[in-house]
Amino acid sequence: MGSVFGNKIKLSVFGESHGNGIGVVIDGLPAGEAIDLDEVYRQMQRRAPGGDKTSTPRKEADIPEVLSGLLNGTTTGAPLCAVIKNTNTRSADYSNLLAAPRPGHSDYAAFVRYGGFNDIRGGGHFSGRLTANLVFAGAVFRQILERRGVSIAAHIYSIGHVKDEALDPTGISPELCSRLNSEKFALVDRSCEDAMRGEVENARINGDSVGGVVECIVQGLPAGIGEPMFGGVENVIAAAVFGVPAVKGIEFGSGFAGTELLGSQNNDEFYYDDSGNVLTRTNNHGGALGGITSGMPIIFRAAIKPTPSISKEQRTVDLQNRCGTTLSIKGRHDPCIVPRAVSVIESAAAAAVINLM
Amino acid sequence: MGSVFGNKIKLSVFGESHGNGIGVVIDGLPAGEAIDLDEVYRQMQRRAPGGDKTSTPRKEADIPEVLSGLLNGTTTGAPLCAVIKNTNTRSADYSNLLAAPRPGHSDYAAFVRYGGFNDIRGGGHFSGRLTANLVFAGAVFRQILERRGVSIAAHIYSIGHVKDEALDPTGISPELCSRLNSEKFALVDRSCEDAMRGEVENARINGDSVGGVVECIVQGLPAGIGEPMFGGVENVIAAAVFGVPAVKGIEFGSGFAGTELLGSQNNDEFYYDDSGNVLTRTNNHGGALGGITSGMPIIFRAAIKPTPSISKEQRTVDLQNRCGTTLSIKGRHDPCIVPRAVSVIESAAAAAVINLM
Amino acid sequence: MGSVFGNKIKLSVFGESHGNGIGVVIDGLPAGEAIDLDEVYRQMQRRAPGGDKTSTPRKEADIPEVLSGLLNGTTTGAPLCAVIKNTNTRSADYSNLLAAPRPGHSDYAAFVRYGGFNDIRGGGHFSGRLTANLVFAGAVFRQILERRGVSIAAHIYSIGHVKDEALDPTGISPELCSRLNSEKFALVDRSCEDAMRGEVENARINGDSVGGVVECIVQGLPAGIGEPMFGGVENVIAAAVFGVPAVKGIEFGSGFAGTELLGSQNNDEFYYDDSGNVLTRTNNHGGALGGITSGMPIIFRAAIKPTPSISKEQRTVDLQNRCGTTLSIKGRHDPCIVPRAVSVIESAAAAAVINLM
Amino acid sequence: MGSVFGNKIKLSVFGESHGNGIGVVIDGLPAGEAIDLDEVYRQMQRRAPGGDKTSTPRKEADIPEVLSGLLNGTTTGAPLCAVIKNTNTRSADYSNLLAAPRPGHSDYAAFVRYGGFNDIRGGGHFSGRLTANLVFAGAVFRQILERRGVSIAAHIYSIGHVKDEALDPTGISPELCSRLNSEKFALVDRSCEDAMRGEVENARINGDSVGGVVECIVQGLPAGIGEPMFGGVENVIAAAVFGVPAVKGIEFGSGFAGTELLGSQNNDEFYYDDSGNVLTRTNNHGGALGGITSGMPIIFRAAIKPTPSISKEQRTVDLQNRCGTTLSIKGRHDPCIVPRAVSVIESAAAAAVINLM
């Protein structure tokens, strides 16, 4: 049941890249929540390919049809299902993948897992296209969360060796949050865009790809949310974020760098602000202590590996003839999915947070 | 329900540091599995304090009593419950913590979460002592896993700025695995022990603490285990590992470093070995592709923050008088929990893996 | 998350009677299972209205579109989603229901639960129409179960005061099983059909409705399936069967009548048959002992209340004006849903059984 | 994971009749709830054997030790674990059960399920003794529920052919509720006690046993609680109540009898009472419509089969020699467990209800 997430508000994601359609069922939404579908589509556009040199040439309409759970733009409390029909698929591009699994991709693992019955076309259920469902759901969640004072924003923390300015872990302004939420290539410091695009373009020219890091902040959660041990903020967010294909690591607050600090450096001292709120001056803990929110922003970074689909020739195996072979992947593939992953990571965070509340 | 983990084999952990006892219920174990309790206790000793300058002076008998689920050393299939009675507690050390939450610790978040009714003594349910339950369960799981060809080992990857040699991600020898499993200060390269202990001793002398990284490898899992999206190997392991207090990050395979590689560098090419197995020459993917095992070892690193409990004076708040104050934590505290965390991380991995199979 | 069922193979049902469409996502199906969609549609026809005097005049095409999870008629292992678009709805019939909740129906409880935001048209998400999803899923499950030797059949045990012959709890012939699976008005003893239809017709003429009991048998499950306590065969089947609207009771084996027996009468003595199988001569236990299958058929009966929607005038309340009022329900309503419930109960049993295995 | 119940407040029950101890972990309790353990023990006494001719001669101290989750009589929010040590066990009585499974008991099914490794002594994990855990948990839940206006009461609806007066499904007085909650042989009409005890004594004299029905009412739940389909009031209560050994049926409101009524008879008309509450004049629906509470009491009946353990000689099989044999069960066994089951059914209802809220 890998494609189901959540204990309180449950996502059930379905679809395969070149099947009839993809979609998501969201069960457990509160009734009476106004949902602005135009805003949902805007968020989906941030993830959609096209309009941007860094992304795949495949054009998707990606306009979901809502089958249930909404009446007059308001949630009814019944499960909300949205479906996106698949069009514009070119399966022939993938014809040789079954025999020769792509290095770094799910092909081989899925072949074994499903005994060869999985739909290999376009990566099937493992396709990045499935994240459109996640952004749909995340955009719905975020409207509900915003109404409760919780906002989420992410940016491209790095592509290859080029780094954006980090988010202030003690909080960002509503303006920056709003700006990041509207950008397709979301950056704190727009001046690094050219260098980043350069990294991507270099990879593209060489038939290669490049990875990066997405940094995400969740603001407005009160202290006291989450559970100890396995139900903590980090556990739930990590369980959601690793649901995004290509994520290979996650760290909260000072994360791995914090392991080189002393306790006296890494601890965040508490203080009362002028309004009588307990805050910390730094946010190395990343918003959760003992798995429970501290009232400070949740901040985390997710490592996105370089897209495995590259046109450069690679060695792999021929599963039919049981021997070595080489592979040069054709078809439409992003040389870098990090920019498109920004809204997906925000959405995974939203799914986690709405289940923690 | 934060203290419950697992869908197939379910852990339910209970206890508070200075209450009557702590323990764990394991539901769903297969019947007929011989469990060597002496080996379980050996693993628990690796986590136990004492016998080692780096750890807390508190001595714990930590001998669990098995109340159910075992008959003549063999699992009956009924839930297995083990209880460890608490003794040798010195609650007075913690008397001022409620009023003045320790920076970096769960005190404040738990105070809000539980309305001040939580047992603050010794950290209560958030105490690192609770991880003894996890090691008990993990040691049981590992005996069952070993019988199915799956072994787990971890080591101190780093303490502060001192790094051990990394594990070979394509596999380690049974001898190294066995040696690491028997060490209280588990290292690949024992020659770095002195430098690591120096980091800890420096921190201790200064009333400070230091963090580190634990690296863990799971060998012997066949390809094809795990689920896509939210039920993947990474999701399940991360959900377990973040259940260990002080973990603030996790990365699989090349992880964060991999984001700076090109796809052609990070992709692991497939080949047939002489026995006809499909393997990869490198293991940047860390054993899971699309959330599903590839047949290569699972390898991950967990970031352990420096222990928040330090005797150095820190600024915090006085929750009763609603003003700032300072705190110098007394009591028995590890200046570095990384060595003891090794068997805990192995155990969390075991809990995740047995639920994936 | 009321519309989600199952721990291993998970159903997520969505839709509202007069919305855009209804459907179901089935996550966790094994890959490589051939699914005969024509047989699925045949089972759905047994539930569908029309072609039978006892049922609602509303005609539904009810031909589901499979969006994912099937490739060349075989499961891919990815979630299977089927959608049925809604057509031929006459919402005006229901226009006064919000103000005046129908006695015996979910209207009032749902109004409170969802703050009036639920889609009241046709009962919304509570409509019996949603059971089409359950029959779709059940028919898929049953093909997989049949391949493993497990068959399921049910019949109209009673309508009002008229009773069919009971199933032999120690087992029915493949012929009877197959015949029942093909009937729209499934009876062991067809000679009682006229009397049953008479009960229904009497109710219909009087603008009234009538209830009944469905009896269901599951054959072919080996001994040793199920869990003690809350994971038992009865718990899981009951949790599924009460998901069918209008079910108000369930009993296994001798059930309520067995409470008037002595232990020596109700106990089922064990014996070895000629093939060396352990069987019981009677089946008062209904196939489960201690929650675990005994190897005998599972047999249960579900009580279906008389349809609450009747045209006879009833007293109710006017929620807007907060006073009493009367209601005579218009629209297309079955005077008896028991015949159509037969395949729905079989499907609920199938969903439970496939999750127990 | 059969011995775990609940999504919000989770029970994990462990123990075997003749092992070291039994107990329960309750995870997810709200913090700050005062728990009167004396009242908990009083409820456990109602289930305990002894002090009553109808029950087993085995005396149990059954005083649980609370290991965690309570501080100064108040819940801390951490998991609450209570353990009851086993004493006074006479395992020799059960020595021949493994070879010759008791008809009507779990022996054979468990033997197959656990490959013969289960602890057969005293029924092991299937023993009715495990229900002491459920009553402990239920008594805790009921104190929390009472504080929120929800009360639960049950009585012996019937033993064999003797019936008590039924509860008024539209509500019972606080006095009756309180009286039933204090009785070990709980009856509405105490004048039927002699006849009921006569049924039991008759069975006992003949080395036989007798079953019965427990009726339970839950009052004080507001309208609007529960979920549609699989998360409904009936589903959740049934899933809990079938966790009580020997329960073979459950019906809500008019239940099976209601299937013989017309819709106009079975429907419960709504009205406004003088305080402006929406009520129904009758309660054939048993408090739930569409799975959601209506604001009327929840009322259900559970069928308890006659105890399978009887001293009368029965035919069974010899699993070692694979042939028929006879069995006369020795040891201490209730001829009727219905009186003791009353508080267990109340507790199962409490576990369900607290998870629904």
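To keep things simple, chains are lettered A, B, C and D as they appear, and every chain counts its residues starting from 1.
Operating definition for what follows: a residue touches a chain if its C-beta (ideal position, glycine included) is under 8 Å from a C-beta of that chain, and two chains touch if they have at least 3 such contacts.
Values in this document were obtained by computation on a predicted structure and should not be read as measured data.
Note: the chain lying farthest from chain B is C, by mean C-alpha position.
Contact count check for A-D and B-D (C-beta pairs in contact): higher for B-D.
Computed from the mean C-alpha positions, the centre of chain A lies at a distance of 46 Å from the centre of chain D. Averaged Cα coordinates give chain C a centre that lies 27 Å from the centre of chain D. Chain D has its Cα centroid 39 Å from the Cα centroid of chain B. Listed for chain B are residues 1-4, 7, 13, 78, 113, 125, 228, each touching two or more other chains.
Against chain A, in their complex, chain B makes its touches with residues 1-5, 13, 101, 103-110, 112-113, 125-126, 130, 158, 160-161, 203, 206, 208-213, 222-232, 234-236, 238-240, 242-243, 245, 247-256, 258-272, 276, 278, 280, 284-286, 288-295, 301, 303-310, 312, 314-317, 319, 322-324.
Put simply, chain C touches chain B in their complex at residues 7, 78, 228.
Contact residues of chain B toward chain D in the complex are 1-4, 6-10, 12-16, 19-23, 25, 27-28, 31-32, 65-69, 71, 74-81, 83, 113-119, 124-125.
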